Amino acid sequence: MLNHLLSWIVFVPLAGAIVILFFPKSMTQWIKWKATALCGFNLLLGCILLAKFNPNVTDIQFLEKASWIPQIGVNYTLGVDGISLPMVFLTLLLSCLACIGSFGIKEREKEYYFLYLLLSTGMLGTFVALDLFLFYIFWEVVLVPMYFLIGIWGGPRKEYAAIKFFLYTLAGSLFMLLGILALYFYSSPHTFDMTELGKIAYSRTFQQFVFLAFFLGFAIKVPIWPFHTWLPDAHVEAPTPISVLLAGVLLKMGTYGFFRISYPILPDGARWFQPWMGVLAVTGIIYGGFVSLAQQDFKKMIAYSSVSHMGFVLLGLAAFTQDGLNGALLQMFNHGTITGGLFLLVGVLYDRAHSRDLNGFGGLGVKMTVYSGILIFFSLASLGLPGLSGFVSEFLCLLGTFQVYRWFAVLACIGIILAATYLLYMIQRVLLGPLNPKWSSLPDINRREIFTLVPLMIFILAVGVYPKFILEYMAPALTALLAKLNGIPF
Amino acid sequence: MVTLAYLIPLFPLLAFAFLIFFGKRFGDKSAWVAIGASLLSLILSTPFVMGAVQGQIFVHHFEWLRIGSALFLFGFSIDALSAMMLFVVTVVGTLIIIYSVGYMHGDPRFSRFFAYLSLFMASMLSLVLANSLLMLYISWELVGLCSYLLIGFWFEKPSAAAASKKAFITTRVGDIALFLGMLLLFFTTGTLELRNLNHEFLAPFASQSKVLTLAGLLIFGGAVGKSAQFPLHVWLPDAMEGPTPVSALIHAATMVAAGVYLVARSFGLITFFPDALLPIATIGTITAFMAAFIALTQTDIKRVLAYSTISQLGFMIAALGLKGYGAGTFHLMTHAFFKALLFLGAGSVIHGTGTQDIREMGGLWKKMPHTTFTFLIASLAIAGVPPLSGFWSKDEILVSAYESGMPIFYYLLSITATMTAFYMFRLVFLTFFGKPRKEFHVHESPAIMTIPLWLLAIGSALVGLPGSPWMNHFFQTFIEGSHGAEHAINLFVMGISVGLGAFGIVLAWLLYLVFPAVPEKLGAIFKPLYLASNRKLWFDELYQATVIRGWYALSSALAKFDLGVIDGLVNATGIGNLRLSDIQNWIDIHIVDGAVNGVGALTRGFSSALRKIQTGFVQNYLIISFIGALMLLFFELRK
Amino acid sequence: MLIPLEHILIFSTLLFAIGVYGVLVRRNVVGILISIELILNSVNVNLIAFSRSNALDPVMGQVFAIFVITLAAVGATVGLAIVLALYRIKRTVYTDEINLLKW
Amino acid sequence: MDAVTSLQYFVPELIVLGTAFALILLDLFVSNKRLLILLGVLGIGAALISVRYPHEPLSLFFGFFVLDPFSFFFKLASLGIVAITLLASLAYKPPLPYSGEYSALFLFMAFGLILMGSSNNLLMIFLSIEFVSILSYLLVGFLKKNPQSKEAALKYLLFGSTSSGVMLFGMSILFGLTGSIDLNMIQARLLTAPVSQALVVATILLMMVGLGFKISMAPFHMWAPDVYEGAPTPVTAFLTVGPKALGFAIILRILHTSFLELQSEWSVFLSVLSMLTMTIGNVIAISQTNIKRLLAYSSIAQAGYILIGLAVSNVIGVQGVLVYLIAYALTNLGAFLCVIIVSNHFGNDEIESYAGLSEKSPFLAFCLTLFLLSLAGIPPLAGFIGKYFVFASAIEGKFFTLAVVAALNSAVAAFYYFKVVRLMYLVPAETKEPLDHPIPLFLALIITLAGIIVMGVWPSPFIEFVSRALIL
Amino acid sequence: MLPILAKLFIYGVLFLSLVAALGVVLLPNIFHAALCLVGTLLGIAALYLALQAEFIAVVQVLLYVGAVMTLVIFAIMLTHRIGDMTIPQTNKQSLPACLALFAFVVLIGGLLLKTDWSILVGTGGSVASVNPPVDTFMLGKALLGEYVFPFEVVSVILIAGLIGAIVVARKD
């Protein structure tokens, strides 16, 4: 089992999904617990992976390679390095927590958990695939369950949101497919292997075009301004656990693509695009922040804040410095835990009040003390309070950018102020002020819900206080990547 | 043994963790956890303070983060300045926490309050001990957080909720400046360690004076936010919405002074690139003068004190800007004591009367003797009456200003000192003396509140002595180290200062006790001036109208833009597709017509005749196909 | 051969064009069917002419023509069968009245 | 090879023909008409078993019937498609009249399709296309007292006959230019004889009218939606797959045997037509309300994608045509099987009928969803593999515009496929009455479903099969 | 003299055939149109005779003029609405059809005329008659020899077509 740890991790959920398919609809309890147990088991596997991973090595570890479609040069290649490992772990963690968070789903459970597990497989596969073809397949596999999960269990405008998400991402990923094909056919010998492709020096013009093709695919997923408009709709309409995964994992797939494909394989293209990355990042940070401030809907506000926060990832990526890349990768992880937590919290509130209107709440701090404590904790983490994880990664991103694009860093700081503004404004409207009598009977957060949040809080605090432990996993791989980007033969 | 210093902030932190999770079960007893923790910190810090007094410097650090070549060390370094702050924070902090037990008695979130206070102590202590600017920044934000939490402690009050947000965001603007300054410093000098901010270390970077001056100013920008300097001072008066012990601890004695501490910390940087000094001094002086002016007419007891705090902080900043390092830090220390005392006294009054409006008070001295007496001591101290602490430190500042060679600073600060004496005693007379203007069931506060008052009163009275000529300017030598300046007593300045202080007090006595009808008339005569002061120079209105409104307007405009334009574009392509589909469909429906138009070769009348042709008509299909084939033929044969 | 190949080709092309014209404009389905016969005949003319001149094997074109005629007959049969069946249901043989299926 | 020796290699075709004639006779005696259709399936099965892989290409019947890996591939495809169609017809409601004749016609159709795949000269191409067309007209009009069915048949007939007339005209000129009807000989003659290239290109175009009609390539696609809508659903399923696949086979054979030297000419107009076809198909499909019509436009669009491979015509492109055809055939047949089950229940083909299908019949909804996803080209389903190949060919052949247009089209296409998916899953059902799945349909459904999943997950054997078929 | 007369005769026949063909597509009365078709077919048969393809000419007359026309006229009789003579027999797309076909004739005709057919057969003469006339015997041998497969296929097509036609057209 240990020899194929990654395959296990990827396909355990799929196997579970197929098994669920054969159980009658009525055994909801069984299905629910089975899915949760599977996610927990998978998380356990993830912990083994973490323990067995050697952080000092820059190479791919746990490599699995098998011929799959030899006629077109496709291999089944899995592996993790310091870049993908945190993402895999994040995915496992959030999948597990969101699965527990899914207990609130009360209709069509069988279908829900089937799709949920399928989604898990897709997400995990995306992060461990090292073959572009395989990568694309996992990437697309994520879309379909997501469509249903939003479309069936979502809010009032679920259909619109679901199809918008689907088409938008599909359009982007088709361009990515073209990019993948171009990489394949212009390599010799033809290969889909990302590591092999990384060794090929493509011509500059070629890199620029292919970079743009990949950029479209990734930018829509991240989403980078101005490709972000699917995000608020999808987030708002999706059920809570799905919002968590959407924000926590799916958005990371886009930026992960930059780390895994665009940067190492197309360094010239990346360098060419570097200033524009910066511009888009800063625009996204400020724009997302401002728009977030204007929102009346709790979820929409957090959704736009994601645009702003993912902007920092992009900013770190645009920096092409050690700090920037580390910051970007760390920000991906942190945004996953923080925003994931925030969505869970919105869900807690929504389950009780059936409203997300920020202006309609008020004074909940009196009734829901534990809840408000946790909400404040996550908000503070999100606004980059030092001592919590958000600060470390934003700091590193800014540190990285500051060396290269001084003014971008300065402008991005507006985003930090904005984050404080919209989050505190939210807290003020929801928790503070006189208690709205309409909500005077809301029960406080329950144990199950707390249980889903505590692990996230631990990570937020741990990374915030002593980020070294997680950066140790990332740094060697990123050093290698940076060397590649700067044209130093590695 | 040195590593024991880590425990100093750790105890309050543990207390916080304990109280936040289990505090509710312990009810009123939970306060003792906080008190115990801060007492422990106090005890632990004693050897370090003593050591520092003897000229020792304690340093320890560990690697927090290493990214490539960038290395960030965390740890502590205790020198004279930190030791002084350590002393102030632990002593004043402990006293205020003890006082709070009485003040917060019966509050439903009693334990929460002490949890927050403990967190604040922990953050403030780590701020003081921090060895690097980054760690300082982290603690800096954390004290900001505590300030936020404590201002909004009674969050049911919308004004408190709003004030806490305002405080956090306003200071954050300053924090960003600090952050950028930090980055600039880091990338220019490669270090963030505070110990390195001295002239020897900076010497190689002399060529980059512009960048580093900017860095110094940006760091000062942090202080502007935190220490409520003009133009970011607006949050502090609103912060008075918090419980009074909070105002005393955070918004008078310690946190707001952190800005001054920061400037003092980077004094080496600022003086090495002295272009930054003038702006600092100017800001400080403007703040001092402006705040004192506003304080003249405020009627809320805490607001008067708040503006007084702003004014005094302005004094300190001005002192530092005028190279009065010893003076500024000295005033920082004395101010911590007497301003904490003033706030606690005010708290006691509020506790006793239930109001904050001084116009409703009067004649409280009979009923609240302890409070009155301690308050009076503090007022005398702040008014600069010798030999109380405020006199010595303020005098030092005035001397710095006098010797700076720029008399305007001296004049303004002297006028400010007069105004200080005046508004303080206006407050004292209106509150404690004269006739009661409203009936209250006033009672003196319990011992747990009055004992800290007395202890602080002793402090306020005596803490100035180390800086007095009687103790041979011990403090200045201590804080400025061996290379401290010679301190000659400037009797002229001293005399003027005492005279002005006395003038202010007497004026207050005349106006508010002897001729209580006069102030109103004066107010009517100098109406614009009165209004300017009373309305706080319209800063809030100005910011509301410009910055805040602009901010939100931009925000909602962008949101509309997002919804309308960007999303609209996306949807429009979708709709466009549908439309295209309709068109295509329509072409299929009116095939000939569409095709004819498409070909564009046939006459108009014919087209209108063809319009009548029905749909689903196979010969339409055929002719389309045929024309299509013909077009292909043309296309292929045109070569 | 009595007349030049080109003339025959022109004849067949014209015949083809006339046939297509009939297909495109005749309202009556039977009319369209007989127009299709014109098209097929034009093809046959070509085939026979070429088999006399250009074909590698003279039989080839003629055999092809025979098959074309045969299949034209089958096509006509099937076509007329369908026309009859449709006429029974809809009582019409005009193309512009046969438009249940559209868009 | 002469006629008598050829017969030993002609066993599957003889079995098919024999079964067909037997069915016509048996129709007189057997009262259970469904049995006849089943017998037809069995006949096809027998033929399938007797098919042998031709290790070396053979020219049977004096060269009028070629037996090569390419024709082998299409033989299997034709038989498979007809078998599944017959299975689908078994459960069609209302029961089809004249089952014996119906079944027999389909067996003749199988024979015709095999002929199409095995033709190597203009005469046989014409005959086989005409054969398949005539049978198609008849099958489309097979429903009694159904004006739509008859109307569709008539439109199909008029359009088809005219197109084959035009094609024949082209063939006759080509015959004149080269003096031969044999594709190989034509190629040789074109190389040696001083022919005018313009006229050759014109004849290619004229022939493409007839062939484009078969594969519903724009602008010769106009008949398709009407015919597909009006025909009995099993016949529609067949028409969207069978003649289209074999049409591609013939185009591939003609272009690659006779006109390979002119590739620069035809690949340009084919790529233009490819873009036109997929765009028209996809864009019009969006506004459809009838599922058959929607799938009709979708099948036009799919033809557009397949045309990419043909237009580029590099190795991967040609492979792509075949791979895509397998994937498309399995998927589209599967989708129509679902349509048959649903229309059996509701008696109409409106897309609205699919509302809440997932509650009434989860399995069916699941299947249809997978088929639609496969059509949309979502991995890991067969449709994606096909799409991968054609996209890859476009990129490799540097047809970047084509690739981008195809990518955009795929995104548009997903929209209308998901319109159906949305109704099935996102819209609640009015009644919960479950649909019945007749066994033969269920069987066919399982076959196609397994096909698209296996091909999506493990495409190697399929690709291997295709690359073997291309040893021309 | 005789060749010229024959030539003139052939050209006349061709011309008349075209006129008859025009009649087929233009005449309002479908019955007249069918009769015109007979004329065209006979004209073409004459052309075949001139090209010495006697068998084809005979087949043309027998099969077309005989069988197909019988069928057509039969169908006209069955489906024709009596008294509908006033209904226009052409639809409204005659002008675009006309233009399109004119373009087609110019294009294809031009190409056909531009091609030097004589070079293709290598005789150099303007009137090419390189192949000997095919007699019926040769045709018969070919149909049952080399062309036996298509011949058989056509027979299958005929059967299938007829069966299908009966099923489709049958009244029940």
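Letters A, B, C, D and E mark the chains in the order given here, with residues in each chain numbered from 1 onward.
The rule we apply is simple: a residue touches a chain if its C-beta (ideal position, glycine included) is under 8 Å from a C-beta of that chain, and two chains touch if they have at least 3 such contacts.
Small disclaimer: the values here were computed from a predicted structure and weren't measured.
Chemist: Name, by label, each chain that touches both members of the pair subunit C and subunit E.
Modeler: Of all the chains present, those in contact with both subunit C and subunit E are B, D.
Chemist: Can you list every chain in contact with both subunit B and subunit C?
Modeler: D, E
Chemist: Central chain, going by Cα centroids?
Modeler: Most central by this criterion: A.
Chemist: Which chains, taken as a pair, are joined by the highest number of C-beta contacts?
Modeler: C-E
Chemist: Look at all chain centres (mean of CA atoms) and spot the one farthest from the centre of subunit B.
Modeler: So the chain farthest away from subunit B turns out to be E.
Chemist: Between subunit A and subunit D, what's the gap in Å when you average each chain's C-alpha atoms?
Modeler: About 43 Å separates the centre of subunit A from that of subunit D.
Chemist: So how far apart, in whole Å, are subunit A and subunit B when each is placed at the average of its C-alpha atoms?
Modeler: Once rounded, the distance between the two centres reads 35 Å.
Chemist: Centroid from C-alpha atoms only, then distance subunit A to subunit C, rounded to Å. What do you get?
Modeler: The computed centroid separation for subunit A versus subunit C comes out at 65 Å.
Chemist: Distance between subunit B and subunit E based on Cα centroids, please, to the nearest Å.
Modeler: Distance between chain centres: 100 Å.
Chemist: Which residues does subunit A have that touch at least 2 chains other than itself?
Modeler: Residues 167 of subunit A touch two or more partner chains.
Chemist: In subunit B, which residues are in touch with two or more of the other chains?
Modeler: In subunit B, residues 574, 585, 588, 613, 616-620, 622-623, 626-627, 633, 637 touch at least two other chains, as defined above.
Chemist: Going by the touch rule set out above, which residues of subunit E reach two or more other chains?
Modeler: 91, 93, 97, 100, 104, 107-108, 111-112, 117, 120-121, 147, 150, 154, 157, 161, 164-165, 168
Chemist: Sort out which chains touch which and give me every pair.
Modeler: A-B, A-D, B-C, B-D, B-E, C-D, C-E, D-E
Chemist: Any idea which subunit C residues touch subunit B in the complex?
Modeler: 20, 23-25, 32, 95-96, 98-103
Chemist: So in the complex, the part of subunit E that touches subunit B is made up of which residues?
Modeler: Listed in rising order, the residues of subunit E that touch subunit B are 91-93, 95-97, 99-100, 103-104, 107, 111.
Chemist: Would you pull the subunit D residues touching subunit E in the complex into a rising list?
Modeler: My answer: residues 3, 6, 17, 20, 24, 60-62, 64-65, 97-98, 101, 104-105, 108, 111, 115, 123-124, 127-128, 130-131, 134-135, 138-139, 141-142, 144, 153, 173, 176-177, 179, 193-196, 198-199, 202.
Chemist: Subunit D touches which residues of subunit B in the complex?
Modeler: 574, 577-578, 580-582, 584-585, 588, 591, 616, 618-622, 624-625, 627-629, 632-633, 635-637
Chemist: Hey, which residues of subunit E end up touching subunit D in the complex?
Modeler: Checking each residue of subunit E against subunit D gives 107-108, 111-112, 114-115, 117, 119-121, 145-150, 153-154, 156-157, 160-161, 163-165, 167-168, 172.
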